[in-house]
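Two complexes, one shared chain (chain A), two partners (chain B, chain C).
Let's look at the complex of A and B:
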């Protein structure tokens, strides 16, 4: 039941709900968009033939609806009891907390790896990219700077430390998504344009990774090298992992570079240190996955032959984009 | 590759020759300066000084290197990677040229360091254990000189720029100049292998023979002498020159004695190079820089020729370098033995060959100016020793019977090697007179009594008679060594200096480095980085995972709790 029109209908409503949420000029409109988002995502992920996905959709529903209820409550309290424009107060902390829970950011992230574990790759892709748009934009409307900086630090640390001990590829990408959420929240505090840039590049990288895992049907780390990938698929995997970790000269370095530049100029030295060190840990566990396939004596099963002749153009294109886009992007401004 | 570089260097030599003649006739000197970077008060400039001394030296260097590259086309023709060898030699020549033309300490450092490193690469070219050991000894001895030049760069920053030639007249009695002169002399002593550092020169004979002809006869080892000639105005009345005099005449003497006990052809030639270097350094420290330069150039010619003849002989004797196997070669290889004879006699100072002009001038200057008795005795004694080991070598190699095989055929007609030797033969015959007419615009006034004038001839005849008598090798000749075993081993093993440079230094440091390695590299620095941090992160991750796997209801409820607490704070 993968490609039926029910899913397309709900997908359409999902996109539309995000647009409602971010383009409304009242907090009510935002909340309405968030609710429709939740309601339309649930049919996408629940598949009544599979007990795990039913349980996952139930968990998703509970957490997101709790967060939405709190969000609505805080909107009403803000409207009735608080008439100033100052952003750094407790109400903004509470609003930000509910939005952070919707996104899956620390310290409210405990649902995120569990739910990601229960979804298929395409649903994960929607969860990790599209579902983050409206909470982040709503975050940019009314945020508490000190609270958010603390949350960023927690995001980074939890994203890096949590992923060290994982063997499931979905949970690995979940923790890396939490880590990248840290970078994205900070970029929202700098400028929304920068957040858009970071988010687009992040979603492009995640889409390349997830499409590769989806094609090979790989969910766990021990499935990685059984199916005898040819060289270009391995290369694509390596490049995408390194790009996700933010290694120059790949594409994923560019948004992180701009953020680091901002941090340095404005003397956020402690924050830079935490950003850097957690990035290092993340790159460590990416490379740990893929490095053994590039040695001279790599693991190879002789009785499996993977034929991917029809799909190689997509893989080559994505490798090319990851490698060259940082250089090519400088040619835009010539 | 060989031919291209030969023609290029030969052409370069001709250019240098023409400019040299023009410059010295008109008394010109040209100074180019290019400022690379200037920060606070110092500026790093790349400057080029072209006066007659640097042009002449460049001409000689390029002539010898072009001839050596041409020679090595035939000598190293069984080498697979000949291009690599030629490129190394060309890089060496480039560093030497950089050293010659620079009046500025930064560019001297570039040339100096380049010389040291590339000579290491060339010494270890045959990659066997002996070459590795020799290369390590060469590189580390040269490194001491590099460190000294680096410290000189630091100290000269006191004066505001690194162009040292401007400071000599004004700053002679300064404390800073005292330190600088000390370090410069140590640097020159390491490069030119004077007494504490002289063990690397015989060891570096593990290099291929064209390398020895170029590097260890005329360019690398004369770099130290050249540096002191440039710094001469600074050092001329200072205490360190007296120390240098003492050490250099001892070097001259020691290597002359040790060459008499050696049986390896290239080591004898190396020790004779060392002896002539001592001569150059000593005449420099007595206050005659232009005579030292003159001897440097003529020595370069005949020593390179001597090494090339040795190369031909070694090829002919099936790669055996021991002179006890050789003999009677003058009958079979007349052209090579012609070159060998002329270069040997030029080394001894036989009249009107090129070595005579410089050596005789040195000895007459020593006799004419009043120096102390030890200087006088050691100079003449070393001259006699030079003749002694030269004649011993000639007797062993060319006159006695052939000792290698019963049935033999010795083949000389390798015209590539011979043509290159003939070029140097021509120069070695004529360069003495040619240089003396150019360099000395008026001759030195020397007035000596008759016997003192003939003293050179007396010691030469004595040395030749001794050389003849020693070279009659017989069955019992080893026993005479055993009679005076301690003294003989002291004299023949270069006064135990190789032991000082190798075993004496390595034991303590290797022991210490083992302690450091076990305790720090494999110990504490693993705990504080590497393994330790990995363990910490792993433990944190395991600890976190315990909290990750939790009850869902507790999670939702704790979210509500957070909100209730914040709500309370809102109303306080």
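Let's look at the complex of A and C:
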């Protein structure tokens, strides 16, 4: 059931539902968008080659509908009981919690690494990037600052420490996505423009990485060492992972730098320390993935033949942009 | 100044063409010659263009980095002969040189940080890509994480300064006083890890032992001096906190230097011995910078340049032995005077410079540092005396163990040094021992 028009239909409704959710005038419209989002993602999951797809779709449905019901209930309570605009109350905490659960943020993240095992790479890409847009923007409409700062800390710590013991590439990217959610929640507390900037660059980096893994059909870490990658694929992998970790001189450094700037303007000194230290742990397990691309001659199996499905010129171009854009942009703006 | 940047950027396509290995090295020597002929003014920043500048410290360190990079390519002829990814190696060297050049020559403190971090990536690639043992992975991780752990607070400090002062130009920082303890720690910790100071020095012996000769040369030659350069730039606006707290770092580095010098006597690995001697020299450099008097700065700057040349030369010598005997161990590398007497001359010249014998530049550095540290406190006389004595001790120990005595019976045949190797060592030794005749280029700042 790959590449057929059924999936294209549901994909179209998925995109449309996010647009409904973020551009509605009333909280009901937001809820409607979230529900249609959930319903149209489920058919995309089904894949007869993956043994876990049924379990995945059931888990996704249960968690997301629980969050949606919670959200609807809190909207109704807010309409009927609360007539003020104060955001420091229990209702905002509940609404934020339900949205955080939709995104897969800690402490409601337990479903997220579970179900990425049952999804193909393209579905993972949709889950990690597009599905985060509408909950994020809804979060920015009515958030509770103290609660969200606590959630950011939990996201960062769980995202960094959770990935230390993983060998499946999908789970690793899931934990890294949870960590990046911490950065994104902070950026949406500052400004929506800032969040958009971070989100676009993050989506670009994740898309490069996921398309690389998709073309090589790789799902686990030990597969990185067995096959015979040619030199440019390894270089691409290296650049993309280091860029995702936020190391200069790659492009992934820029959004983190700007967020650190805003953290310091707003005097979040303890929080920035946690941001830095968890980012070090994340870089550790990224580098574990790309050991094979540091070493030029390692033990390769001769009977493994790596056939690339498409040509890689787009990925090569985007990696080149990833190195050079950072350096070029510093020359322009400074 | 930008013309050198463009020259280096356009050398990158040259790395990927066929049979261009020696041409790239010649171009780097050519660029060194062009750069040497820039105007050198004291007391100010000169050669300012869009975002670049030079002053005395930057000028000397950029010269050192171009010199060491070209000598790196000369030392790695075996990569070219064996056809082991030398194209990517040349690209790595040029990329590293670009990052180092930019680190020393940008006017903006945040860009300094950016290129300071960026120079780690090609170093990591050099160590893990062309190193020899499987332990190089762990060495690369130690290098990356020690440096990152120190430099992320540096990023926080720099952005805090920007939010407070609304400027990042290095020249303007001397007009301000940011006297906060936490800012002080976050700013200098990165440079102390990079130098390295005693307690955070563990990455250096690992990285040196596992690195190929080019990686060792650039690490010992320039990467440690990035820390010194950063300290020299950052101390200016933290003066009051410096006066209160610098004694901690002086004590740690001097006592640590003493311990490290004693540890040099226990080493079996040649490269490990030279790496520990680097830490001991750098401990004196940290002491000199932290006392904050003029002779201290001068002495540490001179010792940085001379140590860069001297350590890099010693790593070349260790590699010359390694290429023949395939071992770095002192037990196997003994009695070399029987086989390579001309190389014994170079061992002696470079090791005598290491122990700060006249007429080397190390001597001037150490004398200036001894003067400044003793003027700060009389008790440091004891520590400095012990460090200098032990540095003479282990340098002589290394020389005597390698050259004198009976040779290892299991050796196969090998040839005495080629002209390229003699040229390499000559180009390390010549600036080191001849620059003492005209020291005002590096020791008169105002």
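Just so it is clear, the second predicted complex is superposed on the first by the 311 of 334 C-alpha atoms of A that agree within 3 Å, B and C clash if a C-alpha of one lies under 4 Å from a C-alpha of the other, contacts with A are read in each partner's own complex, and residues count from 1 in each chain.
Throughout what follows, contacts are C-beta pairs under 8 Å (C-beta built on N, C-alpha and C of every residue); 3 or more make two chains touch, one makes a residue touch a chain.
Bear in mind the structure is a predicted one, so any value in this text is a computation, not a measurement.
Novice: Under the superposition described at the top, does placing chain B and chain C together on chain A give a clash or a fit?
Specialist: Once chain A is superposed (C-alpha atoms), there is a clash between chain B and chain C.
Novice: Tell me the contact category for A:21 with respect to chain B and chain C: first, second, both or neither.
Specialist: After superposition on chain A, A:21 lies in contact with neither partner.
Novice: Identify the partner contact of A:90: answer first if only chain B is touched, second if only chain C is, both if each is, neither if none is.
Specialist: So A:90 only meets chain B here.
Novice: Just to be sure I read the superposition right, which of the two partners does A:257 touch: chain B = first, chain C = second, or both, or neither?
Specialist: A:257 contacts chain C only, not chain B.
Novice: Considering only touches as defined above, state whether A:70 meets chain B (first), chain C (second), both or neither.
Specialist: After superposition on chain A, A:70 lies in contact with chain B alone.
Novice: Between chain B (first) and chain C (second), which, if any, makes contact with A:248: first, second, both or neither?
Specialist: second
Novice: So, A:295: does it touch chain B (first), chain C (second), both, or neither?
Specialist: second
Novice: Contact-wise, after the overlay, does A:57 reach chain B, chain C, both or neither (first, second, both, neither)?
Specialist: It touches nothing on chain B or chain C.
Novice: Between chain B and chain C, whom does A:105 touch in the aligned arrangement: first, second, both, or neither?
Specialist: It touches nothing on chain B or chain C.
Novice: Which partner does A:280 reach: the first (chain B), the second (chain C), both, or neither?
Specialist: second
Novice: Inside the complex, what are the residues of chain C that reach chain A?
Specialist: 51, 84-85, 88, 99, 108, 110-111, 113-115, 117-118, 120-121, 124-125, 128-130, 137, 140-141, 144-145, 148-149, 152-153, 155-156, 159-160, 162-163, 182
Novice: Could you list, by residue number, the parts of chain A that touch chain C in their complex?
Specialist: Touch residues, chain A against chain C: 231, 242, 247-249, 253, 257, 260-261, 264-265, 269, 272-273, 276-277, 279-280, 283-284, 287, 291, 294-296, 326, 330-331, 334.
Novice: Hey, which residues of chain B end up touching chain A in the complex?
Specialist: 537-538, 540-542, 544-545, 547-548, 550, 552, 555-556, 559-560, 562-563, 566-567, 569-570
Novice: Can you name the residues of chain A that touch chain B in the complex?
Specialist: Going by the criterion above, the answer is residues 59, 62-63, 66-67, 70, 77, 90-91, 93-94, 97, 101, 108, 110-111, 113-114, 158, 161-165, 281.
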